[in-house]
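We just call them A, B, C and D in the order they show up, numbering each chain from 1.
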């Protein structure tokens, strides 16, 4: 079959052609209306889809209604109205529970896109459970924050059945800037962990660089401005560098306590695939220390506070100086 | 004095105004005509400067002549013709030797910009030696490769006497895309080491990410394409990722053996400033191993070959797969 | 209550006084007759105990019979004959299964000592399950190898109910050289993980030291002999150093593949307690690489083979030399 | 020649036979009368040697006199009276200066044992300088602290000319417990760096283990007592563990600031020999942090204070507990 490798090696992300829809209700479902789920729902409404959403939290359902969607009392109501359903869930347990409800609701023929960062094993288990009941699950993690979700600035790492991804493409294009078909089911979460390994490292490398600069007598704000523009630059340096200089990690875009779950998934993937990753390993103690120092609810930029504390901070003793 | 802090905190890099020239010959000197020195010379000629260059290697002088510059038999001849002189030297020993020749040539009043990545102590020593003979040395490392030097795509981290930097600004603008005045003498090399700490880490994080992806069953080329576009992206990932996938580290843009000198300077700066840098520390063994495995003349992208060897490479056993 | 702190802070390990036995059959049970369980059983027989043992593997039961013990067809038969029962099990699943059988067998009043290295959560779950059925579980990991078990050269890290430990003391003394009462239930496995964190590090530090020595021109055997006697010495250096020099890691005393389970437990404990452990973290990639290089069934001394491979081994290029 | 390999592979350290003395004055010289030099001198006097010592510090010379030795005004006086001279010097610069004085004093035929931890290159330079003037230098670092020097509990790693080592053997036996002939000149300092790499790691692994234990609810003193006796034990754990528990790092046996010099020598040896040492690398940031936190004059056991600070110390929040 020519399509699969073509998709895998396509040089440019594609925008979907108007793919022929499989049989099933026209509505698009959203199970889980948290920060990500509600942002995606709102954008799908704007894109012209009829969105049916469910969340156990009443306030989340109300928010959906205000955004123009249709709140549903339960999973069964979503299934009844939607051929394509997005899952945006907080935990492995939530995924297990939703799968049981989907099976009970008799969703035969539905295509579902699981967009959370959850263990590969949990995703595989969900796929098998749903497949036995005639449903097709796709593994489609998102790259981007809640803020990016609001502005439709997400990337989708779609993986699983080729035809089902094609069928789902217009929905992805309704809430994401770009989508990649990364191949077999599970490749989505695998790609996400690869990206997050880099995020874990680059967040900390940003802190190390600023600390070395400051202790060498440089101005922190200047470091961030000058270095971002060169060979040492990274997306994390651009985003988290200013947060470290401003000490604004109390405004979390990714909380340390939640990030520790991602760290665990990466560490498990490394051990399972027998992969040596010396930098990622070296980053773990600093994130553990961030937790110990009470930064669990702070942004991961708080790794800078850990390093600073190792040198007697909050304020390093030596300050920027200028020779006369 | 208001000027100094203003320069240090200026939000945007400035292009020089036509600064009043100090007394001294109008020519611009270039001592050291290697890859960087010859590229800068050629761009200075194009920018309208009369360039006088010296290098002990005859072929380098011939190349300068072809580019429109004036080759000089020695340092004294450069001094005689030039008020502003750029130094582009391979080692601390070369800097010491050139300083002795400058003093012997009686270069009183000259302003010199030292652009190499050399120990802070060597630069300070050179500054003092030249100051005693009435010359002003600036510490002005460059960010960018030889290829970038050819296309005038360099950044200058200028540091030292404010007025002298102003006087030298048109010369910088003749061979660089942007220049930053980073403050007191020595801040230039300090900023360069901060940037290089990031380069050392991000080069290796790129290798770790690709390796984890490959061993998880992903396609290496796809990883580079997909991840570069997201939160895990970095300048090094963009530049070195493709080299790792193509195994093209034999085409060196930065040789491991030369990079080890930079690793040493960073390590010394960390110890001298009592700065903990766990990621940089974790990168050192891999660069040492790259040397041991015979990659001294290869590009630093060869750290990928080290990781690969740790898992039984050159070819990892598990390959990308797609479920039927 | 004075007893508990006294036990916890006692400077010297105690040998049990003849503690008053609680009611219950006089026999001592052994559930799990693998390498450790069979060695402990044999020593308990020699110490004068009547030993009733069960293992699903028939050969293991036969071996017990030859050693003078009484093989039992199931857990129920052990329960019927024994007031004190030792558990020596390979996995969390085995512990869960045995607990279910113990409850079914109605073992009210029995005291059980769980001696395996298993997750704290699994041990706590087992304790609660058994407590609900009137049994008292102790958490009592062992320090020592199968070879040490044969010669009664084990240490017991006993934790849990003080009186129950006292009751079990004569049994511990029947198969161990020394026992420590380390306090509350779970402290045993916690202490074991602390010890294993050191083992993981010292095994690798031994490899690093020998490699540096060899590459500096020293004789490997001489390094092991000279360094063991000084400030750099460790138990692992003494035990694993000669294995690395002789390249005899194919004779496993602790297999890499099994050790990875312990690495995981330590890593989880570090993350759960928010503890930074930079050296342990730095060791993980090397153990992962040992797996990738096919050393899963070799002794953990094979980390030396990983480092050697990073420098182009099996044989490092530079050899010991003596100036004329 | 059979002697050299025999010495290198001898299984047991030897005590010297009464080796035939080369021509030269009978006295034994000691240049440098600091903590180590004065302790060695006192033991040599007790062993029956006539000791001639020099140190620029007058108090050190007075101390030698009280111990029964003969203080000398300068190096020349030592040379005049001694055929065998021990060097115990604080720095590379001191070694260079003493060599110049030895040459000026005309010490032809003398044998000298350099016992300090100094760069290999400095030792080689000294050897060549002295050889040109007819003197034989041996490289003979010591393993052991000042306290051990007082009780003659030192180990000598002697390297260099075989016959000269034989001649010096009775002197070594006068101040050391054991001596090893480790081969060619320079092997002494190489072996010392191998041992110190282990010391750097095991000092920190001790801190990590105690911290994990404490944060798991264990009693720190108990950890030290229980773990020292098992597979996780090390010489450093025995020596530094109690210092960490007692927080007595203000009583320095090895100061962090001085240890940083050794860290640098090890790091240079690793880079020079292209050797990957991930654990040693991971230890460097913690020693840098110890300096930054003001522990320069404290014992290296203060790495525990660094880890503790990373978790919010001095007192970790969670304390040892015992379930009711």
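Just so it is clear, a contact is a pair of C-beta atoms (placed from the backbone, for glycine too) under 8 Å apart; a residue touches a chain by one contact, two chains touch by 3 or more.
Which protein is which chain? UniProt says A, B, C, D = NAD(P)-dependent oxidoreductase.
It should be emphasised that the depicted structure is a prediction, and the values quoted were computed from it without experimental measurement.
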Identity of the chain that, by mean CA position, is farthest from chain B: C
Same vs different contact residues, chain A with chain D, by half of numbers used: same
Which of B-D and A-B has more C-beta contact pairs: A-B
Repeat of the A-C interface, chosen from B-D, C-D or B-C (over half of contact pairs identical by residue number): B-D
Distance between chain centroids, defined by C-alpha means - chain A, chain D (Å): 53
Chain centre separation in whole Å, for chain B relative to chain A (CA means): 36
Rounded Å distance, chain B centre to chain D centre (Cα mean): 40
Multi-chain contact residues (two or more partners), chain A: 270, 274-278, 281-282, 285-286, 289, 292, 310-311
Touching residues on chain C, where the partner in the complex is chain D: 4, 8-9, 11, 143-144, 155, 157, 178, 180, 182-187, 190-191, 193-199, 201-202, 204-206, 208-213, 215-219, 221-223, 225-227, 229-237, 239, 266, 269-270, 273-283, 285-286, 307, 310-311, 318, 320-323
Footprint of chain A on chain D - complex, ascending: 278, 282, 285, 289, 292-294, 306, 309-312
Chain D-touching residues of chain B, taken from the complex the two chains share: 260, 263-264, 267, 270-271, 274-278, 281-282, 284-286, 288-289, 291-292
